[in-house]
Amino acid sequence: MPEGAFFVIMVAKIVVVFGLMLLSVSYLTWVERKVIGDIQVRLGPMRVGPHGLLQPIADGLKLLFKEDIIPQAADRTLYILAPAVALIPAFISFAVIPFGDQVRLFGQTIDLVITDVNIGLLYVFGVASLGVYGIVLGGWASNNKYALLGGLRSSAQMISYELSLGLSVIGVVMLSQSLSLVEIVGAQARTWFIILQPIGFLIFLICAVAETNRAPFDLPEAETELVAGFHVEYSSMKFAMYFMAEYANMITVAAMTTTLFLGGWRGPWLPPVVWFLVKLYLVIFLFIWLRGTLPRFRYDQLMRFGWKVLLPIALANIVVTAVFVALR
Amino acid sequence: MSPTGGPILSMLIIIPLCGALVLVCIDGAREALIKRLALAISSLVFLLSLIVYAQFDPATAGMQFVERAPWIDSIGSSYLLGVDGISLPLLLLTTFLTPIAILASFSGITSRVKAYMICMLLLQAGMIGVFVALDLILFYLFWEGMLIPMYFLIGVWGGRRRVYATLKFVLFTMAGSVLMLLAMIAVAFLHQGSTGRSTFDLLELIGGSIPYGTQLWLFAAFALAFAIKVPMFPFHTWLPDAHVEAPTAGSVLLAGVLLKMGTYGFLRFALPLFPEAAAAFTPLISVLAVIGILYGALVAMVQDDLKRLVAYSSVSHLGFVMLGIFAMNVQAVEGSILQMVNHGLSTGALFLLVGMIYERRHTRMIEEFGGLSRVLPRFALCFLVVTMSSIGLPGLNGFVGEFLILAGTFRAHKGFAILAAIGIILAAVYMLWMWQRVMWGQSRRAENLTLNDIGRREMAMLMPIILLILWIGLNPNPLLRRMDASVAQLVEQVAGSPKADLPLLLRGFALQGLQPEFAHAIFTPNSQPRNPCESWN
Amino acid sequence: MTATVPLNAYLILSAALFVIGVAGVLIRRNVLVIFMAIELMLNAVNLTFVAFARFLHSMDGQIIVLFVMAVAAAEVAIGLAIIIALHRNKESMNVDEINLLKG
Amino acid sequence: MIWLIPIIPLAGSLIVGLIGRRMPRTLATVIACGTPSLSLLLSVMAFVRLLQMPAEGRLLRSSIGSWIASGDFSVSFGFLFDPLSAIMALVVCGVGLLIHIYSIGYMAEDRDYHRFFALLNLFLAEMLVLVLADNYLLLFVGWEGVGLCSYLLIGFWFERPAAASAGTKAFLVNRIGDGAMVVGLIWMILLFGSVDFQTVLTDAPTVLVYGSVTASLLTLLLFIGATGKSAQLPLYVWLPDAMEGPTPVSALIHAATMVTAGIYLVARSAPLFQLAPVSLEIVAWVGGLTALYAASIALVQTDIKRIIAYSTISQLGYMFLGLGVGAYAAGIFHLMTHAFFKALLFLSAGSVIHALAGEQDIRKMGGLRQFLRVTAGSFLVGALANAGIAPFAGFWSKDEILAAVYASGHGPLWVIGALTAAGTGLYMFRLYFLAFEGKSRLDAHMLSHLHEAPWSMRLPLVLLALGSATVGFVGVPPGSGLLQRFLGPVFPASAHEATAEPTSEVVLAVAVLAMAVGGIVMAYRYYLLDPQRSEALAARYPALYRTFFHKYWVDELYETAVVRPTVTSARTLSELFDARIVDGSVNGIAALAARAGSLLRRLQTGQVPTYILSILVGAVVLLGYLAFSG
Amino acid sequence: MEWLVFVPLAAMALVTAVLVIILRNPVYCALSLVGTFFALSGIYLLLQAQFVAVVQVIVYAGAIMVLFLFVVMLLDLGHELPAWLQRDRPRLLIGAGAVAILLLELVIPVGSWTARAPHGPQTSEVVGAAGNTQLVGRLLFTEFLVPFEITSIILLIAIIGAMVLARR
């Protein structure tokens, strides 16, 4: 492959993927409102455009033009930097997630993944572990006690659940004998890992929800006690960035779930990319459903659950899987 | 391998260790069970050691029941055990005294019984290890390791000034042993230098050609460690303190076994490894031994604490042992070994007896007693036998050892033997004077009149010792016969070297002290140039 | 300029980082920052290991780095716990005021 | 079979001592007195067998087995029964049995009846080991063993402080002699490679040069041991104090048997002493001087037992005198007769004390003959024998010794012996007259209690009195009596005492007898006829009297010259040297370390950056070494 | 080509490292340190140590520095004076001198050492073929198993220790 072509294809993939992601993120807000609306037996946004389809654009414009307030006592640099720190990891995780098989286009064989790193899974975790900075820094830089508490809570929560998250996928790694996401998908040609790793899947799912700070684990922004948590001071575009980060994270996590447990882009009849998106949105729907259904945890319950329930189960899962793999 | 085919020496070490482990797992509140278990374990070890005794071949001079296994290959140290005629009596003494000491603790120890018994079993394992280890590093391991339980025995269950005493004991001993460790390493390096093989195997190291000047230094290092343990005058002051503060069983084992490690060390290591240096040091050490005999006896005479008195008497008795060892002929050395056993029995029993009246009266001051013979007739009888054994009454064990030592010493140096004979007189002085004040006369305190005579358990502790005292006194040959071959070999190894006198010794230090090869061995650990990157492969 | 970066470049970088770490320890008063400087020094060492691993064709260096990281994690956990405890007792993060070890 | 002789009393001792309290008293008594009887029986049987043998080969041996074997040295539990041992064994068993019987009555009231008999039996066993052993080391076992028994029996009434310290003193003084003896034994091993009598005594002429220093020193070391046991100058001091023990003990141990062990040792070692004329000379002089010295002290003492004790010392001196001039058989002869009459004297004294409920001061007695007829009679026989009045036993043996002294050319020693004989007559009869004759000085209370001893005490008295009167005839005619012929082969040929011609011997005997009688007459005049005159005599020579009375201040001398310096120096060593200097330097080193630590402590600023800086500098140095050393 | 990656990363590492020790606000220090870690991670990638690189991010950036931040924020530390005004000069001078020597010591002999030092079997080709992570894993669970287990015990102890220390 000529170097130029490689470069072009690379850029193209990046542009397409991130463009789509941005779009998804913005429309995810609409989806969520719609689904929640349905769950709560109401209609959700209906005014802007048909079925409120243009609502995200309107929201975006509104946030863009609102006054950007920086509190007097805030640490300006970090205050500004924090939303970006939150957003970037959310997006770049996607770089290693395969969303389709190889396709031939313009005479080139193109992998439908931005880059296949042999330690892709670790990369995702590495990047995911950075997400916490945005929240912590935002919370601290606001110089507001609610914000700080929200930030600290979130960091504690994310570090705690990251542990179980990581442990829950070890079973998958053991079964697929690889850290590369492409190969993990390849390993699921016959059986999805959700079948082989039901417990791992459940833990992963729960932890994923916690990692994204979504209900029922949305303690960092618990309105009732912390007003709005770490982003209480944020407004305008910075607030939008946090918002986007959350939804981008949701997509990433859903994509990971798909890739690790649901066979990735694999599926009969339909093209791989479609399969991938279908599974992705099913998972996202699950997230939204959860939010519409479950009440919020209390903080101590949350921590106890993470350390005393999920962690041991995840460890047990690893042991069982290891025995299984060794005997095979 | 032993005639039984089993690693019986290892068993002797491992059983108490396992026993300690078992005790760890038992609920500390079940004191009766713990006590009985500890007693049973140590008795089992004693029974096993009797097998060693029975199967020991008196005709063999070398090591028997040898066990060898690789241990720290990188420095050539191995797990090497064995007994010969020199260590066998001491091994038996150890296994014999430990159950008695444990039995003695049944009433005296009321707090932390579990920890105490664990310490006793660990101590037993360590002591046995010292007497059977034939690898320098292994020996050192046991030698130092055994300090730890003893440290706790004195430091936790001791008397009022226990912390002072136990620190003094441990630091004193450590100070000596560190130098010994250095010397051990030096010996191994020198051996490597001459043969190219790194080893700590004593049997292999003996007979190595270490230059005279170097030998002096190395011998001095070993001798210091052992002399402190013995203890020889003037390194003895830890002993009275440790004894006074230690619990009864601690004193029994301290006097009965631990002190023998020093004298044993001379016989097993210092003399055969450095025969010429040993010959050069003989005058100095003999003089110190004689001073120790007389000094210990004189100082014992004026003590008012029974335990202190017995402690100083140990200094005197062990002076005899040292004198015999350095007379370097068969009678003297056999007498010394026998005297080690005798001292273990008689002094051990003395400490038991003192412990018994201490438990009844909670004092050890001589002036508090008097006329105990009337109140405690059984006690008096036992005490009498033990006292007589201690002052060397013919027909009891003490005499045989002392007499052989004197006979051998006289052969080597008449003056020392005559001075030592004065020690025999003084021994009678302090023991009988004590006896007169404690057991005879009128009781000086009303409390003494209502004491209970010793009971069944206490008789069970004393009777074996007393029977042994009589048995060795009347028939020491079974022990002596087992020593004969080994001692003869040792004497042959050592006595062949030329004798030197004190001035020559000092000159040897001054002129030949740090010889180049010695310095080389000490300061450059490895003869090849070192490259830090070597290990990064 | 050659195509590959030589070992010495990594070593010099590592040394520079180490030195910076040392300087940090020496000039800062805040315990936390000193702690960070120590982490910096550890990282400098790690770099050396990885570089040697690469140039000596041996993975051992990388393994060591992993161990260093694990131990560093442990160290940080304990260290921070100590700092919190210190802060509770002394209300200060200033090393000049923390001299309980003074003989 | 010989070995049974000492073993039987040993068994008796163990039985009576350990379980005697749980058996009926009669049974215990039977056992306690039965064992000496058995031993006596066995001894007599052995003696008879000995007599059936040819005169030159009279020897029975028996060995239990090896005792100590180490290297080239070995010694066994071997017993030997030759004429010398036979005499000793018979005396020990015979007198011992009588004293056992006596003790039944004497100790009847004592609460430690069993202990007493156990110890008595044990003593007998040890004494028999001593006299029957076939080597020096086994002899030493008995030697120290009897010492132990003596110690325990002197301190039998240990609650009396005097008894307790007397026991200790006896043991310690003996121990000094024993120390010398041990040195002698180990030297013997070096010289002969053995301690067997057979080997040593046979090889002596080849190994030792006649008159050499070695021979002298070796024999002197043995003799020092003997002086301790046999209470000779300068180690006699324990014996008078030993009278704190029960009287049967004094009779058995401190008169008849144990104290004669030294005599036995020297006699047994005759071939050795024969090679050391200097030693023999010393033995003779020590014996002679002791005899006179002790007699002089006995003249003025007031304690009935102590007078007899000094008399014992004096008589032992006679025996050594005899040995010293080579008259070994005469020494043993005197030993034998002395055993009878001295035991008799002590037992009689014991009877008196028993009757007077413990009173021992003769100044408070007087006129006892009318109350204690048997006792007085037997005492008189003993006193006559002791004073050497013909034909009682003491006369014959003492006469033989003095004759030998004279014949060997030791004129001065003969004079000393003769003077002692006079002194003996004087102090014995002073005792007799003051205690048994004259007016009674007892108070009324005493008088009402006065009673003659029970039969068990009277019987031994009578038997011993008979013996004291007649046993001397075994040595008649002097020099070639039954005894001398029996003992003859045991002693070296050169040691057969040079007998003076019969006429001069008779003259000498008459002279000595006259002096003894003179002493008795003097006693009669001064103490019975006119007691005031004795006080006037004392007043006329106050210095002499005080010297005698205070026993030449020897106890005080030893106290200040030996005991106190030892204790003081020991105390100084303990309190100053040991605590301050030895232990002080130890603690000083520790303090030094602590001081150094407190100096070094300043390096510990507690400032973490400082520490890190030091680490850094250290790292630089270390790394520099590694980097540039190659 | 490698230089193009190396130089910016090295520069970033140095700059952020310097920032760590001169910035007054501990939060900024921590963030700078995170920057250093990232730069180092990049360099590790350059050195074909992908696994280490990622672990560097996960452990250091993701866990350790978050803890730091956590503590900084929890304790709410004030700002200190500019660093170079605080310290006594001698110490700084000694430190600087020692550090200079250290640098020399490190750099000068290293060339000669590496030339002589034995080379292992894991050339970049081998590593490329087998995979960095696989090799690390294999070594970790075979040759370095014991240290690995010990490390896990250390971590366990650290957990307990931290909990005990930080309680109350």
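Couple of notes before you dig in:
First chain written, first letter: the chains are A, B, C, D and E, and each begins at residue 1.
Keep in mind that, in the parts below, a residue touches a chain if its C-beta (ideal position, glycine included) is under 8 Å from a C-beta of that chain, and two chains touch if they have at least 3 such contacts.
Because the structure is predicted, anything quoted here is derived from the model rather than measured.
Chain centres here are C-alpha means, and the one lying farthest from subunit A is D. Among the chains, the centre nearest to the mean of all shown protein C-alpha atoms is found for B. For subunit E, the chain with the farthest CA centroid is D. Among the chain pairings, C-E comes first (most C-beta pairs in contact).
Distance from the subunit A centre to the subunit B centre is 74 Å, each centre being the mean of its Cα atoms.
Subunit C and subunit E have Cα centroids lying 6 Å from one another. Distance from the subunit D centre to the subunit E centre is 93 Å, each centre being the mean of its Cα atoms. For this pair, subunit B with subunit D, the centres built from the Cα atoms lie 39 Å apart.
Residue positions of subunit E with contacts to 2 or more other chains are 51, 55, 63, 74, 87, 91, 95, 98-99, 102, 106, 114, 117-118, 120, 132. Residue positions of subunit A touching 2 or more other chains: none. Shown for subunit C are the residues in touch with two or more other chains, namely 22, 26, 52, 56, 58, 60.
Those residues of subunit D that touch subunit C in the shared complex are 598, 600-609, 612-613, 616. The part of subunit B that touches subunit D in the complex is made up of residues 168, 171-172, 233-234, 236-238, 295, 298-299, 301-303, 329-331, 334-335, 371, 373-374, 384, 388, 393-395, 399-400, 403-404, 406-407, 410-411, 414, 417-418, 421-422, 424-425, 428-429, 432-433, 435-436, 439-442, 474-477, 480-481, 484, 487-488, 529, 532. Across the interface of their complex, subunit E is touched by residues 609-610, 613, 616-617, 619-620, 623-624, 627-628 of subunit D.
Of all residues in subunit C, only 22, 25-26, 31, 34, 95-96, 98-103 touch subunit D in the complex they form.
The part of subunit E that touches subunit D in the complex is made up of residues 87, 91, 94-95, 98-99, 101-102, 105-106, 108-109.
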